[in-house]
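The structure appears below as structure tokens.
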Amino acid sequence: SNEQAQNEGQEIKNTAAEEELPEEINFGILRVPNDETIALAEGFFDKYFTERGIKVNTRIFDSGVEANQALASGSIDFATMGNTNAITALARELNVELVWIHEVLGENEALAVKNGSGIEKVEDLVGKRIAVPFASTSHYILLNVLKEAGIEDQVQLLDMQTAEIVAAWERGDIQAAYTWQPTLAQLLKSGYTLTDSSEMAEKGYITANVEVVRKKFSEKYPELVADFISALSEAGDIYRNNPKKAAEIAGNELGIETEVALHQMRGTTWKTREELLSQDFFGTADQPGSFAKVMKDTSDFLQRQGSIEESPSQAAFNKYVNPEYIKISLKNDQNN
Amino acid sequence: MSAQTNKESLIKIENMSLEYGESINSTLALKNINLEINKGEFICVLGPSGCGKSSLLKCIAGYVKPTSGRVLMQGKEVDGPDWHRGVVFQSPTLYPWMTVNENVEFGPKMRDLPKTEIKEIREFFLDEVNLSGFGENYTFELSGGMKQRVAIARVLANYPQVVLMDEPFGALDALTRENMQNLIRNIWKENNTTIFFITHDVDEALLLANRAVVMSKQPGEIIKIFNVDFTNQIFEKGSKEVIYNEDYFEVKNEIMDIIHSQID
Amino acid sequence: MALNKKKNNKQKEKPAANHPKVNRESEKNKKTKTEKALTFITWASIFLTWYIITKLGIFTPTLLPGPARVWMAFLRILENGYNGVPLWLHLGASFKRLFVALFFAIFTAVPLGLLSGYFDKVEAVIDSVVEFYRPLPPLAYYTLLVLWFGIDDTSKQILLFLAGFAPIYIACVSAVRKLNQDFVLSARSLGAAQKDVFFKIVLPASLPEIFTGIRTAFGVAYTTLVSSEMVAATSGIGWMVLDASNFLKSDVIFVGIIIMGITGVIIDAGLRFLERKIIFWKGHV
Amino acid sequence: MALNKKKNNKQKEKPAANHPKVNRESEKNKKTKTEKALTFITWASIFLTWYIITKLGIFTPTLLPGPARVWMAFLRILENGYNGVPLWLHLGASFKRLFVALFFAIFTAVPLGLLSGYFDKVEAVIDSVVEFYRPLPPLAYYTLLVLWFGIDDTSKQILLFLAGFAPIYIACVSAVRKLNQDFVLSARSLGAAQKDVFFKIVLPASLPEIFTGIRTAFGVAYTTLVSSEMVAATSGIGWMVLDASNFLKSDVIFVGIIIMGITGVIIDAGLRFLERKIIFWKGHV
Amino acid sequence: MSAQTNKESLIKIENMSLEYGESINSTLALKNINLEINKGEFICVLGPSGCGKSSLLKCIAGYVKPTSGRVLMQGKEVDGPDWHRGVVFQSPTLYPWMTVNENVEFGPKMRDLPKTEIKEIREFFLDEVNLSGFGENYTFELSGGMKQRVAIARVLANYPQVVLMDEPFGALDALTRENMQNLIRNIWKENNTTIFFITHDVDEALLLANRAVVMSKQPGEIIKIFNVDFTNQIFEKGSKEVIYNEDYFEVKNEIMDIIHSQID
């Protein structure tokens, strides 16, 4: 009955939304080969938005940090970001919710060390300087890598953006860095990985790129959020059916080689809607999946680090990681 | 020396004192000044440096309010600057962003006179100071003496009741200065202007004034007022040398002695 | 001017005590041939050193791209634009931000500055606020501006506006303070009312310093340009350099720097030209 | 000074034509009580508005943290430091960078500037280079500095050095140009050799402008501080603000801005104090 | 007028001309100047504004090299400034970062004289200009007249062969100026100094000089040289008034006429 009531409510909202669609939707995107990039390149959003008179604006951000600022100021409605930034968004009461997981991060984020540095295992990093973009998913994983090894107080972390990491690496200023593709590939030309995010994910330290939406938007236009997810799902299907083709599309869009794009994509895991609705990720409203738990753990860790002052409660995360839109999207597709 | 009696009084200074600054750092610049300026007079004020000559002029102009006593103009207390009292400064304060014409027209324009009248006035006074051809020039294209002539024309263009001049020729070289003295004497005579003129040059005072006021060193008081007539003599006889006579040196030496005794 | 000149043309350099201003200016305009040659040689040797170093291959092109490489990058950007946007649109985007910001800075800072100089009470209200924010690094408060005004041009323009406001305001206050009080007094003795004094005397007399303030403001705002294009820009010459930095495209960085250097010099020359035309009496107050 | 004062204390504000300088200075130091009160009221109402707005809860604390929140953040940082580093170490790291850079800027820009002013040939070599890089936004070339000098303090200090060099250099050139030539001529007629003229006349006579240049340089370098701490820093007051921006810690951003504002004002006051002590004759040249 | 014969020649100016600027914009400032300055003379130079008086002084001082002709000092061509030719400027160029003492000591120090001697010289000349008590003051604490006295002491402290003065009292007020004239006359007499003195005040020239050089308007040429003796008369009789006699006015009028005819 609960579900039915929700459905009814949904329908009422639906008709209201049909009447007054927004004039435009603003997306904050990252320039990485993911489902969103493919959807944009293939024009999957056209049928849901453009053809209904909604203008689609995309803003490219270098990181979730900027995306959060844009969300806070109300400049964008949707944003792609690492889950650590999504935690900041919740902790800072930006009034957003998490509606999608683009990809679970794996080998595409790794701890690289330089050839000839003599570093064989994580413990050898003692006394060394490690570069990492602060506030990123890599930052979080690196901190846990160091913690597992018990040397978190014996290394010096440097806050650097990816380009600067490459420069410092080539100059020999640093011998270790935790970063992602395509920067990682550049480092690995003269280096090797000690560990990566997929290894850490096995130990329970999961990181992912996620989509957050302003609640003001999602509450008013839940169908549009669901449509957005449908488009992403369509794009994800291309990758799952024909990775080469997907890489080609993304590569063209980003101006990188297909091989490079494919390599980057293979470093991550893309989940279908059904998988995401399982207990491993979103779960249901009554029975939240474990991703909310992962977020809470990460949040607690960030709080201990001093990055955020208060870690939101598990209940808050359960609400924050909202499966409803994926559900609507699935239902819509089944109806069609 | 000519007798000056029954003239119409224009400005009356009564028991005026002026103190600059507050309590501890205060300077008594003027003490107990009493002076009457009559219509048509040419009054020159002499005194050692820092005795308060400029301060006196500022009180009359309305730039500074006396600490005690008062300045009356035609019976009304002076209360701020006013176009009836024109002022010529030591260094001419011509506005460099205006042409000579615009400078001279400034006063009449401020008083919203009709355009044709403004033009007439401007032409008349530029002619008066022998600068007819220079109307379209900017003031920085003029020499020091020419500038001071424009400043005088600008003040006269308002037909003020009195012209106050603070060492107007102090910055000019000796020769230009002499020309300017003749010019101002002629203007004074021809227009029957009232002039209050500060100088530190005893000769200049004697060659221009019909009353010369000598002030004491700080705090400035009026020590003595000389009624003199050399300026009329020069005007009548058309030459300066004639007046270098005993009379002249007698007055001059007396003034010099007073001032020297002040400096000690 | 130089004091070590050869004895036999001394009279050209030694200013007469009476005419120092005039002399110096005319001398300044007349750079001798030797000096022009020296400037040329300086730049020529900078280019030569650059060329030789890169030719020797001591550094990778990422560390130091050669002149040819930079030139090619320039031609490429000129032809194809950067990131699909033509070069002139990048310049246009940046200069729009700059000029909108400076326009508002001038039209608020000049009246406020003049009033502050004129009325101590206005100054008491505004001055300490300006003095407080003025030395702040723009990047420190840019995040707040983005939070408050969004990621669009508004926050960029406000950042540039704040950068430009202070120098103009300060110049105006100081202009009124330095104002020859006799200008004001003489105007009042000529019958000018307060309003006339302000518009006919204080304003024109302050123009030379106001212009200097505007030139400084332009310089400061120009320096802040790249910072303002750090957040959520996809066009602008500053963004181009930042984006090139992200991908370590040193040749594009060089192109951007050279373009910014040259446009900066050109705009300053333009402002100087305007200044000479408008404030023809400068130096005669 | 104000021109609209009540008539009955006019004599205090109207400067005598003969003594404008002295008057104005003494007046400037003597702010009236009303003005002090006005400044106080201004800041009080800024704080009050801030307090009320946040109290009303119109904006989230992320957009606009309240005074209490900012004060708490300040106390927290004072006690625990930021990112495990005590506050005074952050300040120390920043000021070390700043002062090392300014030290080198002074000791290169002063001689080069004075020589440029003194010898046209030196100027011909240096001036156009300075004029070219001066208007460049520091962020535009910072990546190159990082590429060339590494991620450590060196590149940060060079960035700040470049920011500080130009104002001092330009001030020195202009000081020598404005130099009363009669000072030089009289010294030579008193038997001074070139060397003596330079050290005993040109240098001291230029000191007031050099000091103004140093103050400007400090201001410009301070403004560049945050940019310099963008790369590979984990300490420094500028980095603190940047890191706080990463996590949208608006309260920490406010703390950083207020600390920077206050230290900026304090350092400038210190420089002014030094200036008054060293160049006691200023205004008498 | 006293005859000046067989004096030792100190400076000789031969066929000197001076042109400022290049080709199109050039100004011929001085034309064909011939002048001999003898030891112990007090030469005053008069002429309309801009006639080249300062330019002439600069040539002698060595600040400017003549375009043609030459300046010889004791037979040697003048080639740059030199402590044998001291210069006093119109506005005193005292160094504000030095005390009065340090200013006066500047010349002797530059010439590396022994410390005790420097001190003696300084004390002697500060006494000479009546400023003994002011050694530790900074120059900006002094009045205009006092400043100019320090400037004179500073130049004299070098015992120059000749002192060149460019309107040294032009910026002083009339009373201070008179005191300074007496001072410089006394110093000249007592120390047997040679002085080359520019002024635009005819009275000043006649009250000081024993030769008065009158120059034409630009390009400056020497029109006439007057040998006068009033300064010695004043010195002997101790008062100024005595010399306002017919002789005086005759010379003065002649000079005035020459200059006026130049200005026209």
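As written, the chain order gives the labels A, B, C, D and E, with residue 1 at the start of each chain.
Throughout what follows, contacts are C-beta pairs under 8 Å (C-beta built on N, C-alpha and C of every residue); 3 or more make two chains touch, one makes a residue touch a chain.
As the structure is a computational prediction, the values presented were derived from the model and not from experiment.
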Any chain touching chain C and chain E at once appears in the list B, D
Interface with most residue-pair contacts lies between C-D
Cα centre of chain B to Cα centre of chain E, whole Å, reads 34
Cα centre of chain B to Cα centre of chain C, whole Å, reads 47
Dist(centroid_CA(chain A), centroid_CA(chain E)) in Å evaluates to 88
Residue ranges of chain D touching at least 2 other chains are 14, 17, 62-63, 143, 147, 182, 185, 242, 245, 248
For chain B, residue numbers touching 2 or more other chains are 63, 80, 89
So chain A residues touching two or more other chains come to 69, 72-73, 161, 163, 167
Within their complex, chain C touches chain D through residues 1-4, 14-15, 17, 20, 24, 31-32, 34-36, 38-39, 42-43, 46, 62-64, 118-121, 123-129, 131-141, 143-144, 147-148, 177, 181-182, 184-185, 194, 197, 219, 222-227, 230, 238, 241-242, 245, 248, 250, 253, 256-257, 260-261, 264-265, 268
Within their complex, chain D touches chain A through residues 60-63, 80, 82-84, 143, 146-147, 150-152, 231-234, 239, 242-243, 245-249
Contacts from chain B onto chain C in the complex sit at residues 61-63, 80-83, 85-87, 89, 91, 93, 95-97, 106-107, 110-111, 138-140, 154-155, 158
Interface with chain D, chain A side, in the complex: residues 65, 68-69, 72-73, 88, 92-95, 131, 134-135, 156-161, 163-164, 167-168, 171, 173-174, 306-309
Chain B contacts chain E in the complex at 48-49, 173-176, 200-202, 241, 244, 249, 253, 259-260, 263
